[in-house]
Structures are given as structure tokens and as C-alpha cells.
């Protein structure tokens, strides 16, 4: 089903992709290509230069269940949709938030982790900035959830306590090339505050880094997002991956991984249980606190 | 901004490219001349500092220079860049002034010493010789390499996106995110048309100066 | 938290730049010559098609060409590029071959017709004239513009990051994400050193050919 | 027996008739001086003889053998032309030495390339190349340049360069050696040495066609003088005839301009 | 009364002594032909007179006024040099016309620039410029180029270009007009017209210093001949003296080379 309303060649590409079976392609090749960017704790290299991370290990476990190899490729995050459509990758699995737009343009898996938006700023200006952001410059990665929230292209849902668009209504917005650049902007002073994924932020800002003079503030609950896996629109691959994930939930692997990466509090239970448990977990306060706890 | 017509959005993105293009030219053309004079100076230290400066600028990617100009003031001195467009302009102007200066130098050095001497024996002053005799001949000589460089500048303006200038390719990528792919590829047309116009313009200038031979 | 040693990581990133640089040169140098012959062909349609091709390649940003090569096969024909390094190589080779071809053409056209005629009246064949008489003179003439272009290629390899080639600047950005800023700026040194080495090399080649004058 | 016969040779560039039917012949050992105003077609005629231009019509015979016939397709083929061209040698106004080769190599290159086509080249390679080298040295000595053998062209004066060009042409032992204003690109002081070499060739009975503006030299060195005017042979005869008793008014006018100073 | 007096003029380039103490003088209206082998220092001497090279020592006097004195700092200043330079005009071997200006503008440019410094320029602008233009036309007519006034240099033949260069130098009415091999860059056919113009100037008693390799011309046109040998005046006298009865052996040898052809 191509309800994405895109025109021209992309529509044809989409239709074509859906017409064939991605699963057949992938199983024939014996390999699934996952597009990602490097960031802790989802996909990164550890001290020993091993490629690890929650998403990394979960994807590898899925690969084992499906009997296929997993091929991770580092992509330009700006190009992820076109990477999918041009079949250079089979899915995006990299702590990607579910948004209305992505629901339109991709087939998404069930959500597996919660995420929140965090404000990152210089520690010595935290009080000043938290008291008012009027007239200040806020940055976010272009195309990110943070940008969507700031610009109102991602509508606020009922998990939102503070509307980012209203909160930053009197601030100047600038887009950054990447999340890393967003933090660099704050460090360099070209922006006063960055609005970024809290999960990623905790992976970047810490005592041993050049950002040790910066703090992550999650006092404002700008809403709760869900991490999902993105597939080509209409792809049958989603079903197979989701089935494998269900099994991994069932045998406890998912919980173990969440434990390992300190993400247990953000973990979304899988479909059957989620039906009853998710709404409870999804109250903003707990999730935001959980995010803080998870990273510390 | 979303929901805007892609053509409108691309066009307004390209206007940013053009603005960067124009401001860079306006400032780099004279700055390049100053750098040329420094690099040809008889005062050795100035000459060498200029040569090293040109070497560093020509030896590193413009992309990095953009990062340095935008971030270094804040990182090193705690004085952040006030605007990223300014940062882009500074990086582009420095980069292109270095390239232009080498072209100018080549042009000036290619003028035969006989032209200067002819001016001298006719009692002209140094500045009369430069402005009345040499300048136009230099201009004629540098038009071809300058047109190449200026056409490269057109395309390089797309690099400004790495510091978040919402130029045409960045504008196009917003549509890519919405699943609309053609805007990205159609940016090529904007560049082709503009480069085409520039080529015609430079061809016309070259023709204008065909009335004499150097 | 930090993984590999930044120096190691930058170095292995730069090896990718160098690989792309070397493969591009290896393929674009001969391809450029073929394009030159096409653009100088007496068969008009071939000549014009080649000219348009060169115009399009020179009129659009390399960044866009990278996107087109990587994505167009998958988008249009459903056959994705097998490797993004291959895609980068294809885009770079096409782009640089077009530029090289124009330099070659300039070099060939600058050889005086007298050299060909001298070969002819001495009973040489066309290929003898090309290889024994003209070639080295052309090489001598194109060394300066080619060195410029090749130095530009060095820096352009950094552009490959836009299609996710983990070259040095992309490697450096991994550290930026982990909160380590200096690697990004220190990439400049890699470029400066390599460009410095290239400049010395080309200087040496120019000197080697100083034994004769064209 | 005429070594060179040119019959009714015509050459047009587009609509411009440059040669309008040239007839002349040359005996073996004779040297012909060709004079005429700028644009009269002297260079074009030499270029036709050397197959650098294809005549529009007419015939060229060398040793009674037709080397060019506007009406015979065979003499027009690339391969035939390459062969027939070797009957002629040409020394250019602007020397056209090969800048990347030494003086000696400039002289031997063409002969070496030809030798490579000989069947016995592989086996006798060293001997053949040595012979060519010795020959090159000899011919350079004959123009007084044995000491400059290992120099590159740009290291020589114009006069020396032109003498190398003459040696290079002599190496292939052409039946007829052609010169197109061999001294006009030289400083006046340097023309003497080149003219001396050409005079030496004349003394050795080399068959030559010399286009020149040096009237005094033309008169001294040539056996025949051909005055070309607007693409036609206006006057042809011995130097005495042409210089002392020109039949045509236009020859007289032309010569006056040179001798008035 | 000597219009030009050169006393013990020396010029070194680093360790190379090019002029080793030149003495000569020239009367108003005389023309001096300077001859000598390549490298003997003729060009250097002319360039010293025109302040394109600064002599190492010695004196130059024009009309009894010292315009250069190696021992007097005043005559070495930039401003003085610019003023004194105007006593001399120089016609270069390679013309050095300004390619971007018409023939007329080439002649008038320098004078126009000087006129701008006159206090009355603003008020009488049009009249002054018209006068200069008329003057330019007249001087061009005097070299036979009134019809080429609006051409650009590259549209002219070499001989015509050199005549423009002469006209350009004449515009500033120098006391002494210098020529450095004015015809050596020209086709032989075109030298005549330039030599004719110079001869015309001699007839009009223009004071001139002419470096030339055209011995015949030097002999005909000059009142004095100076033979420069290795940076020294080897022979100086009337043309008859120098050409017919040279005192020095080296003069004889030098002349022989020219007249042997």
C-alpha cells in the first residue's frame, strides 16, 4: 500500500519495492542490511573496539533467529529514507523515533524503547537557561524529533507536559548537521541549548568527555517517543523481524540486553503484555525519570 | 516550512546559495588582490607568512574550514560566532580569496616587463602604469581561470549545509524525509542553469576583450 | 566510553580517503583521455554528446553526483548499488575524468602544428608522432593544471562522507559524538601533510621535465 | 634528366585560389631560389611538394616517377603519401625541432623508427642503432655542430637550431631538400652561419628548393630563380636573367623594394 | 655644444662588468649608430641612458645639465629620474605597444596623463585633449600611419607597429631619441619602411642613438658610428672612418662577418 503520497519516481520505486518480497530477497542473500549511525548506547564501539550496543546485539539476535547475517552500514542520517527506497539498506534500526511522518513513509515495527527529549546546556548557565529560554538560541539535529517538536511538525500527543514549540516560542532556532554538531554548537556557544534525544545525550555528555562542562536537563517533559525499526513501505520483512523479536522477548533476551545497557526502565514490553502495561509505563514522569536513571 | 511547495522551497534555498555566492565574490575579489600584493611583497616575512597562509587554505578541505570558522571562536576564546551565515561567508571569503590571489599573481607575473618599461620611458608613474597599462591586460588574462574558479564557487555553496545553512540541497532533503525524492535530484537543474548563465556571461566578457591581444 | 584510539581511528579513516584518491586517479586518468578523444572527434554527434556530458558533470556539485550514483540504480531499476565505496569511486571517476579530459584537451591543443608537421615530413606515422613527439610535450604542459586538480581531489575525498563512507572526517565525527572535539580539527593535519607531499612530488616532476622547453 | 617536375599544380583554400597552375622542373644537383611577395604562395607550394597540403590538381614527378597525381587515387592514399614524402626534405622557418630530445636524437629519431620496421632489426639491433648514431654524428659535423650533439634545442642559438633542423632533414637523404625562409626567424647576426651551411650544400650539388627573402644570397647560391606572383610563375630563369634583366615589370618592382636601401 | 655627454659610465650586474667606462658625446641634430657584437653592452648602454638601469658610476649630461651623476644622490631619486627620463625617448626592439589601446591612444596616452597634472586641466579639459589628439594625428601622419589611427596594435604588421612605437616616442619631443635594434624583430620585407622613417628623422636633424645590425643602414644614415666591444668604446668616428678605415683589428673582424655574404 503506497499511501505515502509521494510523486514521480519515488512512488514507482515504492510500489516496486512492495510488489516484490523483501523477505525473499533477504533470505536469498542470507543477509539483512541495517542502516545506522554510531551512537551509544544503541550502536557503538566499546573500549576493545568491539561493535556493541543495544540495537546492535538485538539485531544480531534477530539475525540468528532468522538464520541470516546482519550487515550494519553507517549511513548519512539525512539520507535514510532514500537509502531505504533505493534498497541500499533493508531497514533503519538505530534508535529511530516513531513519528507521524515516518508512519506515512515507512513500515514501522512495534516500539521497543521509550525516549524523551533532553535539554543540553553549559553547566554554569543551567540556572539562567532553565529560568527562561527567551531570546536564546536553541539547536537540534536537522530532521530529528527535537527539530520536529520545536517546529511543530511533530504534533504534541497526550504524553506531553510541556509543549516544546510553546516553551521555545521566543527562542531562535538553528538546525545542526548532526546531533554531535548540536552539542558542538552549545560547546562553541553558537547555540545556548540543544534539544536532543536523551538516550543519545547520555551517551555523549559525561565526565570523561570534552563536554564535561555541560549538563543534561530533563526537567521538562516534552513528551514520550518510541523507538521503532523502519522498513520500506509495505515490506514483508517487518513481519519476520517482529516475529523474531517477539520470540526474543519471550525467551528473556530483550530484557537481558536492556539490563546490560542500563535501559531496563525504558523498555517497552512486547505487544501482548504492552496492551495492558504500556499505558501505565507511558506516563511521562516515570519515563523521564527512568531515562535519567538508566544513564547514570 | 513543511507542506510548502517543493519548487518554492528549493528556490528559496537556492536564493541562499546565490546570496552566499554573491557576498563571497564581492569580498573575496578585493581581498584576493590584497593577498596577492602581500605574496609579491619585497618584505620577506610578509611574503612568507602569506605563502604559508595560502598553502594552508589550499591544503585543507573547505568543509573543515567551515567548521573551524563556526566553532573555533567559541571553543577557543569563548566568543561564539554571532551568525552562521557570517561564519559561512568568512570561510568562503578566506578560501576563495586565497585561490583568487594565486590567479591574480599568475596574471600579473605574465605581463611582460616591456610593458612596464614602455610606461616608464614615457614618464608614467608606477600607479599610472598599473592602472592605465597593466590592469586591463591582467584582467584579460585572468578571465578564463577566474571563470573556472567562480563556477566552482557556485557548486561549493552547497557545502554550507554542513554548518546548517538551509541552502538548496538541505531544503531538498527535508522533502526526502517526507518520502519525496525528486526535489533532491532536481536541485541539479538549478546549478546547471546558473552555471550555464555564468558560462555565457564569461564567454561574453572574453569576447568583449577580444578586441585586443596580449 | 571512548572506543578505539582516535589517532588510529583517524588514520584508518584517512586510509579510506587515500584509497578513494588512488582508485579515482588510476581510473580517471585513462578515462579522461578517452573522453578527450571523443570531445575532439571529427564525428560531430559523438563530439557534441561528449561536450554536453562534460558540461553537465562540471555544472553540478559532486555531492549531488554521489547521491545520484548511489541511489539512482535502486530507485529507478530496483538494482541497488552493491557497495557504497564502488558508488563513490564511480562518481569520483566520472567527475574527475571530465575535468581531466578538459586539461588534456588544452594540453594537446597547445602543441604547435609545426611539431606534427616536422614528424610528418620525417616520414613518421600518426602514432609515432603522438607517442614519440607530442606526448611528452603534452605531459609537460599539463603537469601544473593536473597538480592543482589532483590536490583538489585529495580534499574532495572528504565529500564521500555524504554517502556514508567512513573517511577521516566521518571518523572524527564519531569522536565528536563521544564528546571528544580535537580529532575533528586535527584531520586538517592529515590533509596538509598529504597535500604537502603531493606538492613536493609535483614540484619534482616539473623539475624533472625542466630539461627541455616547450 | 629532371629530378623534379611540377605540372599545372593548383591549390585552392575554399574559394581562394592560391596556386593557379604552377609548372617548373629542376635538374639533379641544381638549387632553385623561390622569391616573391608575401602571400604569393611560396610556402603553399613547398607544403604541396611535402604533402603537407594536398594540391587541388596537377602532377608532381620525382625521377620520372609520379609521386602525386590529382587524378590518380593511388597517389592520394595515406600510405603512399608517407612513402613518397621521403623524396623531399623540409626545413621550416621556425625550425620545429623536437624540444625533448637532444640534438643528436633529433637527427636520428626518424631513422631509428624506420629501422625498427626492418626484419633484421631484432637481431642486429645494437649494430643498426650504432650505425645510425655514427651517421647522425657525421651529419652534425657537416653543419659544424659535432660539439653540440648532447645539447637540447633550447640551449642553442637560433642559427644553431636551424642548422640542426638542416642536419635532421639531411639524415633521410631526400632527393630534394626544401627550405622555407630558413633565416627569417633569426637575428641578423646569426643568419650568416645558416646561409653558409646552405651554400656548402649547394657546392656539394644537393638538389634544393629555397624560399628566401635574402636576395643577395638567392643570387649567389642558386642555379635557377623562380619569381612567384599571385600564385603564378611570373619569371623563371638563371639568377642573372631574373635579377639583371627581368622580363616582367612586376619582377622589377618587386626587386626594387629590396635593393633600394 | 654637445647635447649629450656621457662620462666614464660604468655598469656592473653583480660581478659582471658590462660597461667598463663609456665616454662619448653627441652634437644636437647628429645621429649616432651604435654597433657591436651580441653581448657587447649596447642595450645596456641605451637602458642606462633611459634610466631603465641605474649605472654603477659615471655621469650623463644633457644640454650641459647633469641628469645623472653616480656620486650625486639627488639625481638618483625616483622623482628626479622620472623627470630626467623625458630628455630621452626609447624605441624598443619588441615595440612594446599597449595592446588595449588604439594606435592613436598609444601615442597620446602619456601626454594626456601629464596634462592631467596641469593646473588648468579641469577648466580647459576639452581643448587640451583636442590639442593632444591633433598632435597625435600629426605625428602618426609623419610616420605614414594616419589611416591606421583607430586600429589596435595586433591588427598591424610588425613594421607598422614599430612605426607606431616611433610616433609614440616622438610625441613627448625628447632631446635624444634612442632605438634598440628597431628592425630585428621584423620580417626582412618590413624593415624597409621602418628604416625609411628613421632616415626621415635623420634628415630632419633629430638627435638619435641607434643600435643596429643593419650595417648598410648605419653607414648611410649616421653622422657618427660607435663600435662597442666588450663594454668599451673600441672605435668612434664618422661612418667613413669606421667602415672604411677602422683603426682597430677587432673592428675589421666584426665588420667582415657582415659583409662576407
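Order as written gives the chain letters A, B, C, D and E; numbering starts at 1 within each chain.
The rule is simple: contacts are C-beta pairs under 8 Å (C-beta built on N, C-alpha and C of every residue); 3 or more make two chains touch, one makes a residue touch a chain.
The structure displayed is predicted, hence computed values, not measured ones.
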If a chain touches chain C and chain D alike, it appears here: none
Least step count from chain C to chain E, where 1 means the two chains touch: 2
Chain separated most widely from chain D, comparing mean CA positions: A
Farthest chain relative to chain E (centres taken as mean CA coordinates): A
Contact-richer chain pair (by C-beta pairs counted) among B-E and A-C: A-C
Inter-centroid spacing, chain E versus chain A (mean Cα positions, whole Å): 84
Distance from the mean Cα position of chain E to that of chain D, given in whole angstrom: 39
Length of the line joining the C-alpha centres of chain A and chain C, rounded to whole Å: 38
Contacts with 2+ other chains: residues of chain B: 72, 75, 181, 184
Where chain E touches two or more other chains at once, by residue number: none
Residue numbers of chain A (touch at least two other chains): 9-10, 13, 79, 82, 85, 181, 184, 187
Touching residues on chain C, where the partner in the complex is chain B: 55-56, 58-64, 67-68, 71-72, 75, 151, 155-156, 158-159, 169, 181, 184-185, 187-188, 191-192, 195-196, 199
Residue ranges of chain A touching chain C (in the complex, touch as defined): 9-10, 13, 16-17, 20, 38-40, 44-49, 73-76, 79, 82-83, 85-88, 178-181, 183-184, 187, 203-206, 208-212
Of chain C, residues touching chain D in the complex: 112, 114-115, 117-125, 128, 132-133, 136-137, 140, 211-214
Interface residues, chain D side, partner chain C - complex: 50-52, 82-83, 85-86, 88-90, 92, 94, 96-101, 109-110, 113-114, 152-154, 168-169, 172
Residues on chain A engaged by chain B in the complex (per definition of touch): 4-10, 13-14, 78-79, 81-82, 85, 101, 104-105, 139, 142-143, 151, 153, 174-177, 181, 184-185, 187-190, 233
